[in-house]
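Here subunit A shows up in two complexes: once beside subunit B, once beside subunit C.
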Partner chain A sequence: SRLAEGTPRRSIHLSNIVEQRVFKEDEVISTPKRGRPSKKTIQDSDEDYSPKKSVQKTPTRPRRSSTTTKPAATPSKGIATTTAAPMTPSQKMKKIRAGELSPSMQQRTDRPAKDASKSELQLAREQLHVSVVPKSLPCREREFENIYAFLEGKIQDQCGGCMYVSGVPGTGKTATVTGVIRTLQRMANQNELPTFEFLEINGMRLTEPRQAYVQIYKQLTGKTVSWEQAHSLLEKRFTTPAPRRVTTVLLVDELDILCNRRQDVVYNLLDWPTKSAAKLVVVTIANTMDLPERLLMGKVTSRLGLTRLTYQPYSHKQLQEIVTARLGGSEAFKGEAVQLVARKVAAVSGDARRALDICRRATEIADTALVKCVTMLHVQQALAEMIASAKVQAIKNCSRLEQIFLQAVAAEVTRTGVEETTFMGVYLQVETIAAFMGVTTPPPGRALRVCAKLGAERLIISEHSRNDLFQKILLNVSADDIHYALRVGDVAN
Partner chain B sequence: MESICSSMEKLFPCREAAIGILGELIGDSKEAYPSAIYLFGHSGTGKTALTRAFLKECGRKQNVRTAHLNAIECYTTKIMLEILLDSLAPGQGDALKADNMLDFVEQLHQWHGAPGAESQGFLIAVDNAERLRDMDANVLPVLLRLQQLTSLNLCVILLSQLPFEKFYNKTGLSEVISLHLAQYNKAETQRILGSDFAQVRSQLLEQFAQDTKRLEICQEAVTEEFYNNYLNLFLSVFYKACRDVPELQLTARKCLSIYLEPVLDGTVEATDISRLWRHIAGPLRSALTQIYMRIEKPPEETEDFAAIEDQSVRKLAQSLELPYYAKFLLIAAFLASHNAANQDKRLFVKHHGKQRKRMQMVNARAKTTEKMSTTLGPKSFSIDRLLAIFYAILEEKVGLTCNLLSQISTLVHLKLLSFVSGEQNIMDGSARLQCTIGLEFVMQIGKVVGFNVRQYLCDFM
Partner chain C sequence: MPEADQDLAKTRRFLKERLQRDYTTLRGYAEERSNVRQLLQRTAEMGESNSLLLIGPRGSGKTTLINAVLTDLLANKSFVDNTLIVHLDGNLHTDDRVALKSITVQMQLENAADGRVFGSFAENLAFLLQCLKAGGKQSKSVVFILEEFDLFCAHHNQTLLYNLFDVSQSAQAPICVLGVTCRLDVIELLEKRVKSRFSHRQVFLFPSSERFEEYVALCRELLSLPSGSALQEAVKRIGGLQKIRSEALCFARNHFDPNEYSFSPRVRETWNKHVAKVLASQQAQRTLQTLYDFDISEAFLKGYLFRLVAQLRSQSPYITAEKMAALGSQFEGDDKIELLCGLSVLELCLIIAIKHHSEIYDRDPFNFEIIFARFSKFAKVSTTMQGVERSIVLKAFEHLRIGELIMPLSGGAGGGVGKVQKEFEMHKLALTYGQIQQAVQRYQALPTEVAQWAQSSLI
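On to the complex of A and B.
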């Protein structure tokens, strides 16, 4: 069946092995097992593959042993029999590119703590972590239904199609889509649905839009090839009809990153579903609702179709529900505390991640206060930390000279009426204010240093100090903030 | 530290304070260095020489590795890093490689904790540090905190003519110790110039080794006091115009032989300062006009220096061999640059009719009299206007051949004319040119071809 893909025979061999090896234990999101050769044939192919590799290697060996040191070259003989033997870096890279080595991470030396030893606040904190996606997302049932119906229909009908999902960050777009895919995969495993392959790319994880081809091909076969090669192989796969071709669902996250000036990658990704041979279903996710009309070319928008879904930001009730669902039956949070978080976040962005992060910060504050339950006060403190601006504090903690300089910038803005001031005008104001306050005026060199420091702290926006007296200065804080910070501070002192 | 300072003080008179401070800061490699020192002062105050000698002395007497580089050479960061690595880690040869700042810092960091590295110091001096501002944005911030990043006992010395307040960037810099090398005052300058008396004397004696009579006079007359008197006279003329010690040293050597001439001839006593002064005053003043020019000419030839400025322009104008029409083109370009376009009709059209004088114009003229266009600088003109003026002043009708047009482009090549704008579209007439030569020069050319330029300049009407 893989012959239709048009890849050379040897690589087909290889790719089968790779998938078995790499994705053996990956049960959640991967291509389902199809009519594969049994374990024994894999072993066979593995064995007959490795000598082949070593045969292919031999001509290169003399050259390498002449350039590199002896001990590095000698173990290459051992490769043929055991993969555990040490490899030269180029052998290792070859294996990595062929997908034969799965990337693993270092294990920690001590074991993670048991759940039984954790306090209720700790458990709540773990539950509130953004990465712990619940099995069924609360408040997104309608969207789930929508996507589920679309994808199920496309899989059942064995045709291709596109869908565009949009919404501001943190409204559960990717979580719902992957949730739908997981449900569909479970159904496919129980033979209630035709099997399908699931591929996933994220525009933000690519250095370049064309790397999307490489990633897609890598998820199909496990091999890393150049993008030109990957593109032609994918083109061949999706355009030539093959019997028993299964449906492929491709999830494209962060679609707007894939849009370059030529838009060839986006066009290809949306053009393949229109081919009858492809059976490709593309679900695209982005933040802006009007992206197809604003950024994409006419032919691309036309292929994207009109099946769209917009995620509204969560209301405060929904956020409350989400947090309470995360907490489960735990008593770690007061009801009104959750409500306060929900109301504050829903008023700003409706971002669920933000609500969860604030709740986590509130648990940490409660932890340091040695309280078992998170109250309104802790939440208020967490909100102040995560929402409140630190600018007034920064101005209050400036040195005397810096405060005078900030006042002078504000005074110069008021005097001239325009936002942009030059250093010369500001320095004249500094002289005036310093004379008024009875302190000695700093020389311009020192004032430039003060200016550069404030500019580095982003309290003002200044240029490089090489054009000293003529550099332009903008006030980055509001003039009221300066007066508030300095006046209230005076009263307190 | 004391040994370094004392050996340095012999080499650099009048810099005891600066050497003392440098010695306190980076004199001892067993003590922690400051992370950065910024040394600034005018040109010729001895920044480079002082640092170079200090680094050399440190490298010889202590366990210190030094690097001295010039930021002008480093047109990419990689060059700078490899020069630094090369001099800080001698004996690496071709294996040395630093692609970026991270590589460089990593390699330096590896030396930290090496055996015997406890008392090891590293000193980096960067000359012309103002160029660091134009390099990649991370160069200056990293250099200023290289000690912290590499955890070595390392100090970066930056040398520049600017104060440090010209270096602050938008993202902030770490602290740096500024050290100012002030210019020498008159007494210090005289002391420095007089410090090479022994050398000058031996040189003179060597010069007159054949001539026994002169040698005798020279031996007798050239004393320390005589030399100091000469320097006093020399500085009384020169110190107002120039305080650059190397420049003064060069000129003082040149003028000494003229000063010595009457003494050696036996016409003037070596102690008769007022007569010597009368003798030397002329040549000194003429040499003053030649300062910073570094013309290797014996000073005797340039004694009649009063007209030298005029002469050089005349000589240049006469030596510049241009074709006849090219000279007229150049004159036309000068006229186009220095006359307003609205005066062209009056100046160059034969029967332009009567010009009306209006009160308004007379008033406007009266206001702008002080703004002569020859002093304000040239204005731009189009090639059409240049050719029109050329035909108006030439009086013989030559064909507009390609030779004539190619002469315009040759004049541009010779930098007698220059493009102001529209260099890409010369042919469609939107290119604008400017004449870059001065009035004197064009007057000379006019004299050669027999054309009175002044007559056609609005300024002189």
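On to the complex of A and C.
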């Protein structure tokens, strides 16, 4: 029972693997509008008020201050000329909070390798990386249609609404939703659809639920403020009617993390769409299908509505299709190798990430074997590495006393018939087995050390050694595993 | 000082330093090593993002493997220039807040200045994620090394792990997450979404000195002096590390430096011949066999050898099988019996009374009154224990308790249920009968009466 505790009760998931690598920069999907060259086009679309008036009305709005008032402001600050004089860290921090300093990573000194120099296996490996999201996800056409129709309808009608998307991790939820948004953004750019704004937050990227306000506000303006302030500003924005307000689409990933006891954050996020002034469409993503009924309060569930979509885990056919689609026309994989991966993964979880990772590992194994094509054998080895458990191997590689101790725990379980044993009973068994095998019996102190070592590896579950002879010991491997590991070893010797 | 003494001092110092501070030499594990090496190399050169878990029992050389791989790679300039290494430890970085600050400092992000990080926890996280997102194939690879990985799983919501793994699965800056842990079932600790993002590459490190001969060979290698060419090779390998000393690689500082030592061939030869002869002897083999039966890890052997080497004196300049056996029996000894032999006769009498009580009532708990009654029965008829006052006996009883030879039932001080008077608090005995028996046998100058009473509870 203690083993299962690793997975918490809320269990939900998916990612934001949507990236500029496949989609070009101008297809800006999300947030960082600040400092982007393509800012101009979006800027007009996400104003609350008509742009011309607001310049005078709210001169403190950060976006404007960066674009229109900056030339005037910089000389007055004197030292803070952005390019020249070095800033003190706190000045820098101020700039970061105002969104005027874009975060950056250190750059490489040499250029990364060219594609032409790579072998077919290497190219296949790159194509198989989970981060390379294809433009259209295979096997998710129906879900794509569904979300597309929902969002397009909401944008066309200029009203607000909610949707709840669920499914186990790795089934393509976030990838389809962002794919839909990207298609819609492209259409909006071609004036086939009213323009709209896109915001996204991820529950797991927040340190606490209330930071959601901060992140949303930051994506609107680029400014970092406290959550109270962000909350009231958002409240003002969504509840007061404004002419020429454009529709806002908000994607909330990992919804379950945003649920706290008071549920004020989820309530607010789902309550704003009901306001006629807001024109807010919220798409929420989580793992469990019954999350709204299980975790959320009645009023929140009611606001979430019944527009729901469930993602089924991939079947082996679908997984196979996904992998072959990634490989394109490449000959790097044998057909049956892909099928083996697909069948094994579909039987366990139906997680596309898992299938891709296993394929990638198989290419590495083929690479070290110096062959050009991945065959069944390589895939089998990769599967053994990534799915197999190492408990039997761990028992085989224990020292003699550790093995005797494990045997003793198993013997004590058989003797008492209860799963939980105490150290004292086990020690008596150790004495017996050691005498039988002709090994000197270790004193209890050393047996406790053996016990602690096995406990650290989690072959057994033991209490703190402070309890000395009275600590309780549970066997964490099955008695059959012990028997198998030790007997098979004996035969080999 | 005679020359022989100097040689001995040098040898001892060399062996000690090699046992303690040689952080980068890994023996065996060729396959695992090349696996990790290739992974890191691909991360650095091709900008691939990866994740890996290194799992093995304590003392099996997990950290040494990483250090060895990094030492290999750091000799290569393109690796040094294109990678940042971030070390995190589950014992030090006890929550995401601390870990995040440390990441910010080690990555030298813009909101860090001289080891001070500005902004709140939420801001730090947002900033780090923005930085990683802003990066791409052109940015430097980051290698995150998470030691005691299982402790990171205990953090609230596993935010840090989720974000690191998420970055490794999306087209952002290339990172490699390297978890190191001794728990075999660590994957079960991950939340479902974190588990899905983890690539499920696991490298298991089990001590390969499975056979006793290899263990003896390892022991010989750890004790013998290397040849001049082997020393030169080690110097060359470590040399790269010394150059990048400023890079805050924790193991590069204060590393074992073979450059400081050179041995004349004569000294080396006699020493090595001697070591080989001793290790071939029956007695030494038997000692090593008991060590090997107990724990096959290299760390344990090193602990033993360090004490062995530390005993080298100019009066007895060589390792002998007798020394090994003497030290081995120290390792096998039972500390609790030593503790029992250090008790006063009165305390030992109490222990014997407790033993009688436990034997009769099959390990039922006891309190002071029960034991005192049993002791008084003995004391009345004994010649040495007459006239011992109750308060003295109570003091002895308390002495046993703080020595944790007896333990209160509830575990808490003062008893769990309400406040029980200390004479009436129930206890259990934390010794086996065998230990008590041995202590009675080994006790110096135990009155015969007590020894006889220990044999049987009848008076």
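Here is the rule we use: the second predicted complex is superposed on the first by the 412 of 493 C-alpha atoms of A that agree within 3 Å, B and C clash if a C-alpha of one lies under 4 Å from a C-alpha of the other, contacts with A are read in each partner's own complex, and residues count from 1 in each chain.
Operating definition for what follows: a contact is a pair of C-beta atoms (placed from the backbone, for glycine too) under 8 Å apart; a residue touches a chain by one contact, two chains touch by 3 or more.
This one's a predicted model, so the numbers in the text were calculated from it and none came from an experiment.
K.L.:
Which of the two partners, first being subunit B and second being subunit C, lies in contact with A:Gln393: first, second, both, or neither?
P.N.:
Second partner only, subunit C.
K.L.:
Considering only the touch criterion stated at the top, classify A:Pro103 as touching first (subunit B), second (subunit C), both, or neither.
P.N.:
Once the two structures are laid over each other on A, A:Pro103 reaches subunit C alone.
K.L.:
Applying the document's definition of touch, where does A:Leu448 land relative to subunit B and subunit C: first, second, both, or neither?
P.N.:
A:Leu448 contacts subunit B only, not subunit C.
K.L.:
Between subunit B and subunit C, whom does A:Ser465 touch in the aligned arrangement: first, second, both, or neither?
P.N.:
first
K.L.:
For A:His378 in the superposed arrangement: first (subunit B), second (subunit C), both or neither?
P.N.:
Neither partner.
K.L.:
Looking at the overlay, what does A:Asn287 touch: subunit B (first), subunit C (second), both, or neither?
P.N.:
After superposing on A, A:Asn287 lies in contact with subunit C but is clear of subunit B.
K.L.:
Give one of first, second, both or neither to describe whether A:Ala456 is in contact with subunit B, with subunit C, with both, or with none.
P.N.:
both
K.L.:
Quick check on the superposed pair: does A:Lys344 touch subunit B, subunit C, both, or neither? Answer first, second, both or neither.
P.N.:
neither
K.L.:
Going by the touch definition up top, name the partner, subunit B or subunit C, that contacts more of subunit A.
P.N.:
C
K.L.:
Starting from the residues of subunit A touching subunit B, keep only those that also touch subunit C in the other complex, and list them.
P.N.:
444-446, 453, 456-457, 468.
K.L.:
Quick one: which bits of subunit C touch subunit A in the complex? Just the residue numbers, please.
P.N.:
Within the complex, subunit C touches subunit A at residues 34, 38, 45-49, 55, 57-58, 78, 81-82, 84, 96, 107-113, 116, 118-119, 121-123, 125-127, 129-132, 134-140, 153, 157, 159, 162-163, 166, 169-173, 182-185, 188-193, 195-197, 199-202, 204, 206-207, 210, 290, 292-296, 332-337, 404, 407, 411, 428, 430-432, 435.
K.L.:
Please output the residues of subunit B touching subunit A within their complex, sorted ascending.
P.N.:
Touching subunit A: residues 133, 163-173 of subunit B.
K.L.:
Where on subunit A does subunit B make contact in their complex?
P.N.:
Where subunit A meets subunit B, its residues are 444-446, 448-449, 451-453, 455-457, 462-466, 468.
K.L.:
In the complex, go through subunit A and note every residue touching subunit C.
P.N.:
Contact set of subunit A toward subunit C: 3-4, 6-8, 11-22, 32, 89-90, 92-93, 96-97, 101-113, 122, 125-126, 129-133, 168-170, 204-208, 211, 214-215, 218, 224, 254, 257, 287, 349, 351, 353-354, 357-358, 360-361, 364, 368, 385-387, 389-391, 393-394, 396-402, 424, 427, 439-440, 442-446, 450, 453, 456-459, 467-470, 476.
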